[in-house]
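Next up: some structures, all given as structure tokens.
Same chain, two partners: chain A is paired with chain B first, then with chain C.
Now for the complex of A and B:
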């Protein structure tokens, strides 16, 4: 029989790791189409969770509140691409201005949320299950909230992987990621794909926000900022641009940090993710599932 | 326009009289920096509200010897120590400020303590719990001369918590990794071991705003703890309580004063039932002592039954004492000292504060200071509460 201590850590690690994977996947989506990442993802997570709280408090059914919030957050993706990423890319000819502009937009969103929803933590309602709901597997209590997080994250990642590999639109995304100018010449609607990637990326951030908010039980304007850093670590560890890499990277960061927290010291739990990042950059910069970048002379 | 010569004559006469030329005496000004916004503003905005009530009450009663009082510098630091230092610099540059209140937490207060000590103006600490704020060289050494405290000191709180936890043989302490959490945990651990030498105490830390505490909790579980104490703030305590439920942990749960606030009640929902906590006894006693009852009425009249007060008009939240009442007491103590000193000179106000005897506070029934003792809170001012669910409301009942 599996040790209770190890099993509890493993399950929590898988669950939070699945959320990191979703965030990493969101970062990957925009990386495919524009070679940029939205570092304001954390604020979109917060916004989606806050809007869900607000809409459900107005009497909307929970499912509708979540869907409505996801739509709003997805629309923000269009705004982010148009007003923070595109100008930065055009103005600076490929420099890293978008890092500051997306981060700045995230901080701006935090301020707006603090103004309209207040800056204190507010209770986040249980979406599907409560913290008391669990099933017993081989004599171990397994939280249904954790299982939902894992199931949703894995399902979304697999669906996206299938979309990219098996559909025409997925192939078009692949073409844009390789050479956007050539893709445009071949009649691929590059602008549409870029906008779509930002919308989907933002919606994924929203899903991650709702999933993690129900674990913690509260949400406040600063929610999500630390999580994006861990999602970024997961994306780099797994290999930028790889969906399976995002999943593997997220789970690796989640499980290792919980195991280190449990077996070594809780004070080291947070730091281990960044130690992993440094190690990965030194030993395998392309990540677990990434391919080394080759540039032709 | 028709102005008679007589009117002009009266005006000229009035202007020529020195007593009338000096219009109103100068306003007596106070200042402070606190977390007015940000995730911890329940504390900073709380003391701001308490201070506002004290100032309005004083001015309605005619001020201090006819001089009105005002909160002239109220700045926001979001509980960030660097910002608190910048804000305090600005406040101290205003020489009209005669008295101050410390920021709403140990980190920012520790950051500004040396500055304010060097300046010499009187300052009173409403909420920060770390003992070194008042006694930088140790509890047996003299306090900072101009810094006084009405907060729930970690030293006194740890005694009360240890008394409640002493019935167990194995205790887990989970604390936030700030000065408040680290000092609080160590003091409780020392007190527990002193009271019960064979006691096993496991101590785990977490970063504020962590979304999952499984590692901390399973370590406490592995240590076979019968009871667990959380030293942190309300939102994090809610995460811990929900996490406990997911792990099916059913041990006796205790919280420090900072943890049992509205974010805990809202975030953990029904799970809060059974949680025990140490907090000001004043608001749990019935009837409340006169100063507490007056403050509660003033708060309700000005702000209503809001997030700080709670929904039940007859029974305000116990946390109202620490989040708001302590700010009210700080400003009232300054007003009282200036009145007794008959001066706004810093040294004279500090001397008057040193001579404060049995001042009727809202959160502490009788506040006294001496040149050696600048901490007002005593063990009997704290109570142990149990959280109960009554219908759809959470109430805290005083147990000890």
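Now for the complex of A and C:
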């Protein structure tokens, strides 16, 4: 008989890990099209969850509140691409400016949210199940909320993977990630793909925010800040740009941090992820699923 | 007179601060093939790159079917009908052959079936990665991919450079079929005039960014002295 405590940690780890994978996937998406990542994603997660709380408190049905929030957050993706990433990429010399500009925009959003929603944590409403709903599997209690989170995250990851592998748009994204200049002169609408990647990446962050808020039960303006870093660790662990890597990296980070949180100290929960990152960078810098660069020459 | 397919008027272009093309003017009618000749560094690639919006445009007008191109980004020019086969680095190395083709496809007469019929070899290697192809196969792929855009004008930059003689024959036959039988308009850059002049209608010789000779391709082929003066020793 598996130890109950261990099992509950494992399940929690898998569920949040799948959400980290979703965040990692969002980072990958813009990495494919522009070799940049939106570190403001954490604030978009927060914003989406906050907006959902706000809209549902205004009497909107939960599903509509979530969809409306996702649309707003996706629109922020357009803004972020246009006003934080593009100028940073165009600035002569500083090609890493986007790290600061996207992070800075995230901090700004966090400040705005604190002003309008207050800096206190607010309760996040139950979307489908409550924290008390569970099923029993092999004599273990399994939270239905965790299962829903896991199912949504995995379904989105698979859908995106299918989209990228099987559709012409996916091939075009792949082409842009390999050689943006060649893609451009072959008539691939690079700008559109870049814009689309930022919108989708932001929407994924929004979904991740709603899912994590559902598990945690509350949101506050600072929510999301650590999470995007955990997503980043997952992306690097798995191999930047690899979807399978994002999933594996996310699960690894999720499970390990929950186990450490359970058996050692919750204070160490997030810290362990960064220890993992440093270890991975030293031992296998290309990540679990990363392939060495294919040369262009 | 009908509007020419391509008209270039007093084009000045280069790279960064350097000016390479010094007032180029030429026109090309629908269905015509132009051989663009000149020694190393004459500015042939720069001219093609200026048409595509990759080189820096300084002055002059470029029109494709009456539409001014100078201010348009490269992807719009490709969408309007310029099918470029760059001189180097011209396939997506980690896409398969078929993905290379479908990623850029636009509706029209040239689809997968049509380009595979032109290059049966590509059909055999459709599942291979672009980077795993031989030099000649990559060149075929680059040409096939340009066709998938269903362009109005093909821009081929030294498509035969550095290829084994048997592959040169295959590629040349395909290009001949395109421009002679299919009526595809093309600008074909070459250093070896004898390979391209027989399939071209017109010829232009560039030197240090200016046109120093223009005329009918067959006429130029009949003037070996002119060719060797402007292009140096010619290999057959």
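Odds and ends about this structure:
What we mean here is this: the second predicted complex is superposed on the first by the 282 of 297 C-alpha atoms of A that agree within 3 Å, B and C clash if a C-alpha of one lies under 4 Å from a C-alpha of the other, contacts with A are read in each partner's own complex, and residues count from 1 in each chain.
What we mean here is this: contacts are C-beta pairs under 8 Å (C-beta built on N, C-alpha and C of every residue); 3 or more make two chains touch, one makes a residue touch a chain.
Since the model is a prediction, treat every value here as computed from it, not as a measurement.
Taken together through their common chain A, the two structures put chain B and chain C side by side without a clash.
Geometry note, superposition on chain A: angle between chain B and chain C about the Cα centre of chain A is 150 degrees, to the nearest 10. After overlaying the two complexes on the shared chain, residue contacts for A:261 are found with chain B alone; chain C is out of touch.
In the superposition on chain A, contact is made by A:172 with chain C only, not with chain B. Of the two partner chains placed by the overlay, neither chain B nor chain C lies in contact with A:68.
By the document's definition of touching, of the two partners only chain B reaches A:216; chain C does not. Within the superposed three-chain model, A:189 lies in touch with chain C and out of touch with chain B [touch as defined at top]. Once the two complexes are laid over each other on the shared chain, residue contacts for A:119 go to chain B alone; chain C is not touched. Between chain B and chain C, B contacts the larger number of chain A residues. Superposition on chain A places chain B within reach of chain C only down to 40 Å, the least C-alpha distance between them. Note for the complex: chain C touches chain A at residues 52, 54, 73-75, 77-79, 84, 86, 89-90, 92-95, 99-100, 102-106, 131, 145-146, 149. Residue ranges on chain A touching chain C, taken from their complex, read 168, 171-172, 174-175, 178-179, 181-191, 294-297. Within the complex formed with chain A, the residues of chain B that make contact are 37-39, 41-42, 177, 204-207, 209-212, 214-216, 218-219, 221-222, 234-235, 238-239, 242-243, 245-248, 262-263, 266-269, 271, 307. Remark: chain A residues 4-5, 8-9, 11-13, 15-16, 114, 119-124, 131-132, 134, 141, 143, 145-146, 212, 215-218, 220-223, 226-227, 257-258, 261-262, 266-267, 269-270 touch chain B in the complex.
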